[in-house]
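Report on the structure given below.
Chain nomenclature is as follows: A, B, C, D and E, assigned in order of appearance, with residue numbering initiated at 1 for each chain independently.
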Amino acid sequence: MIVDCAVYENGKRRAGELSLDQVRGASRADDAFVWLGVAEPAAEEFEQIAHEFDLHELAVEDAIKAQQRPKVELFGDTLLIVVKTITHPRTSDSIEVGELLLFVHRDFIITVRHGDGELSSVRERVERRPDLLAHGTGVVLYAILDHVVDGYGDVAQRVDGEIQIVEREVFSAERTNPVEQIYKLEREVLDLYRAVSPLLEAVDEIGEGRFEAIPTELDDYFRDVHDHLQRVTGRVASFRELLDSALQANLTQVSVRQNEDMRKISAWVAIAAVPTMVAGIYGMNFDHMPELHWRYGYFTVVFLIAVVCLALYRRFKRVGWL
Amino acid sequence: MIVDCAVYENGKRRAGELSLDQVRGASRADDAFVWLGVAEPAAEEFEQIAHEFDLHELAVEDAIKAQQRPKVELFGDTLLIVVKTITHPRTSDSIEVGELLLFVHRDFIITVRHGDGELSSVRERVERRPDLLAHGTGVVLYAILDHVVDGYGDVAQRVDGEIQIVEREVFSAERTNPVEQIYKLEREVLDLYRAVSPLLEAVDEIGEGRFEAIPTELDDYFRDVHDHLQRVTGRVASFRELLDSALQANLTQVSVRQNEDMRKISAWVAIAAVPTMVAGIYGMNFDHMPELHWRYGYFTVVFLIAVVCLALYRRFKRVGWL
Amino acid sequence: MIVDCAVYENGKRRAGELSLDQVRGASRADDAFVWLGVAEPAAEEFEQIAHEFDLHELAVEDAIKAQQRPKVELFGDTLLIVVKTITHPRTSDSIEVGELLLFVHRDFIITVRHGDGELSSVRERVERRPDLLAHGTGVVLYAILDHVVDGYGDVAQRVDGEIQIVEREVFSAERTNPVEQIYKLEREVLDLYRAVSPLLEAVDEIGEGRFEAIPTELDDYFRDVHDHLQRVTGRVASFRELLDSALQANLTQVSVRQNEDMRKISAWVAIAAVPTMVAGIYGMNFDHMPELHWRYGYFTVVFLIAVVCLALYRRFKRVGWL
Amino acid sequence: MIVDCAVYENGKRRAGELSLDQVRGASRADDAFVWLGVAEPAAEEFEQIAHEFDLHELAVEDAIKAQQRPKVELFGDTLLIVVKTITHPRTSDSIEVGELLLFVHRDFIITVRHGDGELSSVRERVERRPDLLAHGTGVVLYAILDHVVDGYGDVAQRVDGEIQIVEREVFSAERTNPVEQIYKLEREVLDLYRAVSPLLEAVDEIGEGRFEAIPTELDDYFRDVHDHLQRVTGRVASFRELLDSALQANLTQVSVRQNEDMRKISAWVAIAAVPTMVAGIYGMNFDHMPELHWRYGYFTVVFLIAVVCLALYRRFKRVGWL
Amino acid sequence: MIVDCAVYENGKRRAGELSLDQVRGASRADDAFVWLGVAEPAAEEFEQIAHEFDLHELAVEDAIKAQQRPKVELFGDTLLIVVKTITHPRTSDSIEVGELLLFVHRDFIITVRHGDGELSSVRERVERRPDLLAHGTGVVLYAILDHVVDGYGDVAQRVDGEIQIVEREVFSAERTNPVEQIYKLEREVLDLYRAVSPLLEAVDEIGEGRFEAIPTELDDYFRDVHDHLQRVTGRVASFRELLDSALQANLTQVSVRQNEDMRKISAWVAIAAVPTMVAGIYGMNFDHMPELHWRYGYFTVVFLIAVVCLALYRRFKRVGWL
């Protein structure tokens, strides 16, 4: 599905709707380029676009199947950049991974979106800066990457928050067992890592000015994106270490609590053993048991039992078993 | 055992059966090549082939023993590529690793198969594209690698599914202990890793156009295979991390359940301790125990015992021990 | 907020207050440079400075947001160095991470501070050495980096001390469970690592004389800083290993103590079982139980019970269960 | 001790015994070389050899002390190759590590053996191929390395078998605790790794034709050895991962079995608590307990106790506690 | 404190005591050099030496503070090599880390020692070989490094022995818990690693003949030291793995023993439950309990109890719970 299709001339959007071949023609002019936005295209639909813009057969297959890892690759004059979009919808409790394929050429940029990863906000922001847009398709690529990487940062921020919640749970007195949340976070962090770490290399290559389609005056901008990516990668790497340790610490806490429970139980068992034992003794049927005939024998014994139980209770309280 | 032996001229299969030396002769023509498919050859059988096609002594030894790691190696003009085939038969609950040795020369491609790894489907698909086949043996190599790597992807997909099943078991309320499945998956993932990761390097070398026998116009295709391999490698690496964490999480779950059981048991023990203790006291033989002579002493005591037990039961229920 | 702003001519500070544009003018002279110290600048404030000193748009964004990872980057003639400052205030029980951005040019050095990381002491120390200051802004950069890295060393020292305290707790007889402290230390060590390790690379680049703005006669000094950084990195890496092992060792200790408790409890239960069992037997109502009619039957039995209990007690004591 | 000393001329062994200096003289002829086999030489003995063949002082020290790590090093015209031999004698339950030092020169090859690592079988096999031997000392080196690396493969195979035995034990129903075997295997695998992994690098250097003493026409052969080494290294690396996981899985199994035991015990305790509790109640001495005076009260109660115990037993059986 | 100060001319020590400036003068002659040994110098003392021999300001700071990591660095014509000395005094149960700073110049070598690390034995050994000493200061450097690295080897040997002791304890039947020793060994191994691993790089640089102050004819010697270092590094790396596994195996053993204890305790509890239960039943006060009136009822019941208890005891013995 074609989401938006526009020709930019000297950084300004040309008014009106254009057909696909009009657009292709217009893009050939100097100082003009096309930005074609496509979302989850059907095979035939995209093949038409591919034919119009002369995209490589393998790149087309990638665009339709959308199961690529992040990369940058040059097919003839056209650069194919694959990035993963990661969002963490407020309404959901897990992250969602989408895919964005960007075909970048001096004359055009085609953005193919699978899953989440709305680009209209990027387009709006970019259109407000005709001075930048005049530099061509590279600026659009930068704006998109910047937007996607900002998204990673947001997700990393949110995961960080969740890790802190889980940490508090691990060490709280409330005896929760957040092992499932820790594991779920590990999965998310792995997804994040798999999206971020191959992109690092790809953006590095772009920032080194290795591709003709990207003007070198944008190198600083791509290096800036690279920097942000490195920050996210660093955070994600430390998330993995933290979650590993949290898993281990949680196991320790579980063991400690088990021990606490065991001691508490045992303390009560010990206290209950006293009356049972004493009562057993005075339940014996010997002919000569003088205490049995004392006037206040019974009350004395019950009183003694109570005293001993209380003493035990206090003692267990003091050593922290109860 | 020779499975299939065909001469392709300008991309089209020459009709009729051919003997081994006819085939060799025909392959020498320009625009013609031979694809010889062999399965688990006996030593003498393969030595004859090796003699006809002038294969290196060491390569022949490899082809018969079939215990190689994935690699690409140049012996004179002939490239030897070793790949592992991995299948996960629907009827079996573990993966099966086979081996494929490919001798690639401008004039011929010899495929030696050990274990699973049927190539007839590849041959059919390739024969339907004479335009591609006209590029020579490199196309066949690409088609086979593409097929094998797709197989890895399928197995990875299935392993992913099994990991998710195991995860659900780990965190389910049903108290299963899937430690053996986790371990079995780790073994499979290691096998997958050992098949995939050395191949990555080998395909990279091919994709960089380092070998004369592979025409450079196929570089994009081999890079595409390389990309898919990288995807699988990335997934397999994350499988390893997940399974490590699942093992640890499972241990935690086992401990938590042990604690739950212990508390449940202890709660019942505590409840049972009450009547035993009280009954013990009224079983004492003191002369003066006024309660014993009350009219409804017995009923009162039994009633009290029931009340206390019920109160304990409720309390344990409330704090989650029962 | 501008903290301090001074012009240095031939290594000596020019007296009197100067406005921003006077300063910029003065810095253009040979043998003179400006050191402008800024703390947590507001956006407009810093944009004015950026305009005066012609700083790159992206660098300005970094300076205001202050969420960078340590790095060195060249924008035109101006070097941007980002470092994290780490302090461990005596009054706090956790480390604090600040950020320092240094814009270094032959003519000026602008230091932007976020969070902790007072530089006035560095300025004082440097101003006492006009011979060094005459070498220009590179000396100031060196002095600041040396100061920051010394700070890392101090924090590493303190963390080392805390690890030793935690170790003693793990192996002490006092049955503490320092798992939360271990985890907290792991977090701190990770923060330290993320501050130190990217800086290593950055300082290495400076020490190799790759940047024009830094005179090569200072290379030895930057290599010295690099050396200190490597020391800290090495220590931090070993902290991580130690804490990992401490976590595991602590879990073992927790298990061992659980076992000790279990044995202690069981020993008491066994001792209490003796009187209950014996008393039960003599509480039976058989008509013919000769012991019941012995004159000293009761006393004998109570005495025997006491003897057996004492024997058990001693035995448990000897095997270490009590 | 000199084990065997022979001159080969044009690939054929010259008949008769030769003294050390005759041998050295003969080796100087074109198309002739000496293979001197030495086992655990005494210091003086080897110094004489070293003097005759002009070996480097440091190399001699290595040859006598035999505590080297695998390596290849060039001293003048003579190559020193150190390899570890690893055997797993059928009669022993652990692997044995020996050392082999090879001095390789165009004119001679001296093999110094420490510990196990018989080379006579290699010599026999090589002498049967005079065509190969005519290539000189490099062929002998190849044959020895091939033999040693085959030995690694055999040991790896055996270790693999032992790991599978241990795995079965971990997951068997027989409640064995193979932790000591797992640990022993880890030690062996580490020894294997330390023998194999540095050799990889050394053989790689030889296979790249970097040394004059090794004719380049043997490069394919050394690359083949390198390949086999890589296979072993890959296996050994996966052994380490497997054993790590087996250790963890075993701990889980131990915990699970502990829980099973605890539940079984608790079930019996619960069953035993019923008669004790009921009997206690009817052991009370109240004046008015109507059941006591029923004709079949006793039988009814005993019957009820039996019924309740049986019901509990069935229930525990059903939920898997018994 | 100056420990020893000597001029060597053509490899022979010049007789008599010399003042610092005489020494410096003498060292300038061809074929002569000075070896100045200093131990834990005071700041002023060393500054004088530094002035005499023209040492770099930063190197001097290092020499006095002595908190460097192992490295090699060139300051002008003088090489500064920092190494850690590691000793394991027979009387102590932990290793001790000292530091050695070596200033090496064609004319002089200054050795600064902090902590343990006596060099007089090296000096004696070297002085016995005037032929070697005639090569200059490089020989002294080699002798010292060789000595230090031999020390590492000795410590590694001793640590290996301690690991074997700990292993035996882990798997012994004596129920010791060597977790603290394992942890202590991990700390020592980390210290060893931090001393050895950076030195590897430094010695490699020296052995590659990168420094003018070291004559290239000594390259073989430094490569030999490098080799020994690699051996130690390899061992230390495997120590870390072993200790990790030992920690885990120990935890398993602790759990297994806990289970054994639990089963033993439970078996006794089960045995004790029998008399209690039976006695309870015959302690009931029903009017009609025929067994109570049997002549040998009491003896029969006691006998039956004994038989059942014995049967249980045997059974528990057989299944290994007792």
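We take it that a residue touches a chain if its C-beta (ideal position, glycine included) is under 8 Å from a C-beta of that chain, and two chains touch if they have at least 3 such contacts.
Keep in mind it's a predicted model, so treat the numbers as computed, not measured.
Peer 1: Going by the contact rule set out at the top, which chains touch both subunit A and subunit E?
Peer 2: Correct list: C.
Peer 1: Superimpose the Cα atoms of subunit C on the matching ones in subunit E and note the rotation angle, 0 to 180, in steps of 5 degrees.
Peer 2: In short, 70 degrees.
Peer 1: Just give me the whole-number Å value for how far the CA centre of subunit A lies from that of subunit C.
Peer 2: 26
Peer 1: As a quick test, compute the distance in whole Å between the mean CA positions of subunit B and subunit E.
Peer 2: Averaging C-alpha atoms per chain gives centres 41 Å apart.
Peer 1: Can you list every residue of subunit A that touches 2 or more other chains, as numbers and ranges?
Peer 2: Expected reply: 248, 251, 255, 258, 262, 269, 276, 280, 283-285, 289.
Peer 1: By the document's touch definition, which label belongs to this structure's chain graph: line, ring, star, complete, or other?
Peer 2: Graph shape here is a ring: one loop, exactly two partners per chain.
Peer 1: Following the ring of touching chains from subunit B through subunit D, in what sequence do all chains appear?
Peer 2: Start: subunit B; next: subunit D; complete ring order: B, D, E, C, A.
Peer 1: Taking the complex as given, what residues does subunit B use to touch subunit D?
Peer 2: These residues of subunit B touch subunit D: 56, 58, 67-69, 71, 73, 75, 177, 179-180, 182-183, 186-187, 190, 193-194, 198, 240, 243-244, 247-248, 250-251, 254-255, 257-258, 261-262, 265, 268-269, 272, 275-276, 279-280, 282-285, 289, 291-298, 301-302, 305.
Peer 1: Over in the complex, which subunit A residues touch subunit C? Could you list them?
Peer 2: Counting only subunit A, the residues touching subunit C are 167, 170-171, 220-221, 223-224, 227, 230-231, 234-235, 238, 241-242, 245-246, 248-249, 251-253, 255-256, 258-259, 262-263, 266, 269-270, 273, 276-277, 280-281, 283-289.
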